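Next come two complexes built around chain A: one with chain B, the other with chain C.
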Partner chain A sequence: MTRNMNRLYLALAIIFALVYLFPLYWMYVTAIKSGSEIFSYPPTFVPTDPQWGVFAHVWEIRDMGRFIWNSLVIATGTMVLVATLGTGCAYVLARYRNGWINLALFLVLMLQVLPASLMVTPLFVGFSALGLLDYPRFAVILAVTAKAMPFFVILVRATFMAVPAELEEAALVDGNSRIGAFWSVVLPLARNGVLVSAILIFMQAFGEFVYSKSIIQDVSLQPASVGLNAFMGPNTVEWNNIMAYASIYVTPILAAFVLLQQRIVAGLTSGALK
Partner chain B sequence: MRRIKSSIVDGVGFDLLLVGIPLVFLILFSGLPLLYNVLMSFQEVDLFSLGDVFRPFVGLDNYRALLAQPEFWPIMWNTVIFVTCSIGGQFLLGFALAVFFNTGFRGSTFIRGLFLVSWVMPGLVVGATWNWILAGDFGVLNYILDSLGLISKNIFWRSDIDYSLWAVVITNIWLGTAFNMILLSVGLAGIPKDLYEAASLDGATAFQQFWTITVPMMRSTTGAVICLGLIFTLQQFDLFAAITSGGPANSSNVAQYWAWELSFRQYDFARGAAISTIMIAFVMIASVFYVRSTRHEVRG
Partner chain C sequence: MTQNLQIELTGVDKHYGGFHALKDINLSIPNGSFVALVGPSGCGKSTLLRSIAGLESITGGVMKITDEVVNDMPPRRRDVAMVFQSYALYPHMKVIDNLTYSLRLKKTPKAQARKMAEEVAATIGLETLLDRYPRELSGGQRQRVAMGRAIVRRPKVFLFDEPLSNLDASLRVHMRKEIRALHDRLGATSVYVTHDQIEAMTMADHVVVLRAGVIEQQGAPLDLYDRPASKFVAGFIGSPAMNFIPGRTNGDGTSVDLALDGQPTLRLGRPAAANQDVIVGLRPEHLSMASTGDNNFAVRVGVIESTGSTTYVGAGDRNDITVVLSDRRNISVGDRVQLAIDPDKVHLFDPITEAAL
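And now, the complex of A and B:
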């Protein structure tokens, strides 16, 4: 490819990316506009009088610290549970090939596709029978874990497939037990893939909505997604504040994503569809 | 006892334990609820019998009641439109972008990766942002369309029954395009480069190369991506909650949102379970196709 062609393509790519990411820009820009500027027509694409205090203001009036904390609790709990259960499962599914493994894989793939909004009815009724609704965040963690684990298993399995079996065999010959070989040889080699997949699960659980909305009735235990939903009444005019809320909520995720972008994309492309 | 212990530390027991616990977990919190859902759809459920397993059996009454509701067929039709248009839009845009980025200019990987932010954002944030973009009087989309001369008067995306479903479709296309593009990029990268070299030696134009090499070689990837698209689109709930809430007058309601509404707004868990069962059956069929299209993954 010639140099000029390269530049032309790069310029086009940047334009495409800017158009595609415009909604994100619009969210941040609306957040810092004043309450009257958001309703000016034609809309201003660069705010004339940026209101930087809006973030602290919204954080205060919507009690966002509590919402974000609940999101963190749910996301961390889900990530830990998914990684603990899913890593070993992915390892075994990657290590062997036989009818039983195929059956287990098929089961995992099928359970991946059940929509949360359809599964929430039986889960809610079941949890209420078990008394789990008294611990709503824990109930949500269980539900989200069941939803997210298959995806994690598929991604991490691809990572384990890339670890040469000879290394593990050598460790066994050297006198390691199965647990020892798994823990000190296989797992360290697959660490990156496991970490990236776990972070993806964290992001997914951090934004989870259906289960939290249906299962957690107590406002003080609800995560930020439910808080944002409650903030958006049907006739709201506070769009700058709502966008400020959304910005605060999404910025940590975006920052983590931009930092880890290449690894996430590599992890997705090796596991999701190969 | 010692044999069991040593088997767990150093034998088959280790594998069984590693794979067994997660599978039991999945069966408990995914498989059983699925069966429970089917059972519940044949029962009479009210708020007082929520905790019971055995409730009065009513046969197909819940399904009959559902079908008799005047909104049943419009909502099903909305679901079909939502699914086909979302998948079509996501796939075509994603494919075009994937082909563009596959030319491999410098910086392409980085910029392509940036597109994925739409996919990692919480659905509610995407919905809230688009809700504001699509606003009727002050929405920026109307302004842009108006400036381009495409519309003569503002479209009330969220409150006009002719447009409300499209508001969600547009947002969902935006949301899914990046993921489609990444998956399709994987397929494009897997096409051997020498095919294109041979074709261009034979004098094939870029257009001919696209139709005779790219499209046929992408057939299995396309199948998998479309099946995945179907699965993800039928899971889409957050955007409906954030943009239209299924309204006005059910004009943007789809099956997966309706199921939730029946259960958690009208507390009619039996009907919610019935519509869930119908939809889960559809998703299951799609996922069988998906698993088949990725069977080299499943069988190694």
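And now, the complex of A and C:
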């Protein structure tokens, strides 16, 4: 009985996964279809005449190397900044308990609630006043850092809370300073959680669009997300090229996620130590 | 004399917000002694230990370690080692690295640190486990590593925070002896927190009984047993706990009437105030079953529990008078028996202040 139920659940899960992943499949398939096959009716689920050259072609004509590089700069910068600032913040929020900490946690969560499209205007005005728009990629890194920080802090705080305070106290009595105890005992034990959260932040920043689109005017500094948007003009018919672009953009992230997914799930769920 | 004092607390107070956790603690711990802090949970014994370690700050009074005021000194500069209840072994380090952690912080050369750790490991039977991680060890082995980590530093003071409470009963008895032997061999000063009065009685030279942040009584273990200063200490020290029976002293103060059926009278070893309500304290092991009529009183047997070597008898109206017998008697539930006690072993307490009379 339960065995049949299990099979039923498995079947349902697979169906949902197929529905969920279908757009991804359609992206890859459309990329390698010829122009006429894209618009043929009924649509073909397996391309009859795959155009493998489309990837190199799109990479060349859209100057994708530059876009991807900009995305990497923004994502790496954001990840480094978030991890550097957020780890300490999460640690303090994990170790101290009082009314002010609760208020701080509430504010951190509030930040998470505010949508980027709402924040972009005041940020733009502020950055403009500070002259940060002259360094648009840096400005975007700052904006995305602020956006991604709450998510990181909440995740990493949970990781730190799973590290028993007695271990830290043992290190203090053994002759270490608070900072020393943090580096040699707490951080190594929270490493998985911090790394996984940083990777998630990287992925989030790699796909960031709203801030980049608004703040970076210079095409040579725009990330791949903005480049993709620019590709899709109002009268565009180059669906295969656009899908090829999207495939090139998204595949590395997808591959990284698949490779790391076991660690990501473990890092998010386990207390990182037993 | 002060140079013989390893730890000296004068009027130490500790507040947590509105909660007064330690109240006017005065405690002198001589060099080389083994002191047990004992009391029920929440009495402040762990707080006191953590204050000595520097993990908690004190809000009043003076705390000295080897004549140096340490009130505001961080733990790392106090030269004390602590064994935690959870052992607090660093899970990401092998046993050898756990042992040498403090030495590495002191910049001891690697080879020397390794040698010191190996010596300690040999004395406590860890030499084959040095390359294991804490998660690969049993509870007893982890406990040893925690001890070794403290020993390897040769600190001024060892602090133990209920180190045996996670071990099973037989191992606990064994480790009790081993810790005391280790203490004697190292000639160290030890402060040992426990809620188990048997641990305190068997291991310590000096027992400090705490209750609600106050030192209720301190002294040598047998002094506490023989001359408890209050009903609380009398009930806490000794196992099974002392029996308390309300009573009233007679006109001349040389005997006391118990509030039991028939108002039996017990003679007292030394005279007390006359015509006064008191609580009479009788230790279960001091009561004997006597058929003759010298200083005894009759009770009904309600419960008989025998462990083979010892028989515990619950008697009285609510079976709340415990008697410990080391020989087997032919008694059964419902019998009326005579309990006798040496007049010198009758304790009297004030029913209101609970102080010994």
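Note that the second predicted complex is superposed on the first by the 251 of 274 C-alpha atoms of A that agree within 3 Å, B and C clash if a C-alpha of one lies under 4 Å from a C-alpha of the other, contacts with A are read in each partner's own complex, and residues count from 1 in each chain.
Here is the rule we go by: a contact is a pair of C-beta atoms (placed from the backbone, for glycine too) under 8 Å apart; a residue touches a chain by one contact, two chains touch by 3 or more.
All of these numbers come straight from a predicted model, not from anything done at the bench.
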item	value
Which superposed partner A:Pro188 touches (first chain B, second chain C, both, neither)	second
Which superposed partner A:Gly88 touches (first chain B, second chain C, both, neither)	first
Partner chain(s) touched by A:Val19 [first = chain B, second = chain C, both, neither]	neither
Touching partner for A:Val46 - first (chain B), second (chain C), both, neither	neither
Chain B versus chain C as contact partner of A:Ser177, first or second or both or neither	both
Broader residue contact with chain A after superposition on the shared chain, chain B or chain C	B
Which superposed partner A:Tyr9 touches (first chain B, second chain C, both, neither)	first
Set intersection of chain A contacts, chain C complex versus chain B complex	177, 273-274
Chain A partner contacts - residues on chain C that touch it in the complex	53-55, 74-76, 80-82, 84-86, 88-92, 101-102, 105-106, 135, 149, 153, 159
Complex contact set, residues of chain B against chain A	8-11, 14-15, 17-19, 21-23, 25-26, 28-34, 36-37, 40, 45, 50-53, 97, 100-101, 103-118, 120-126, 128-133, 135, 137-138, 140, 143, 147, 174, 177-178, 182-183, 185-187, 221, 224-225, 228, 231, 234-235, 237-238, 241-242, 245, 256-257, 259-260, 263-264, 269, 272-273, 275-276, 279-280, 283-284, 286-287, 290-291, 294, 297-300
Complex contacts: residues of chain A adjacent to chain B	1, 5-6, 9-10, 12-14, 16-17, 20-21, 23-24, 26-27, 30, 38-43, 85-86, 88-89, 91-93, 95-97, 102, 104-126, 128-129, 142-143, 145-147, 149-150, 153, 177-179, 182, 200, 203, 206-210, 213-214, 224-225, 228-229, 232, 234, 239, 242-243, 246, 249-250, 253-254, 257-258, 261-262, 264-265, 268-269, 272-274
Of chain A, residues touching chain C in the complex	164, 166-167, 169-177, 180, 185, 188-189, 273-274
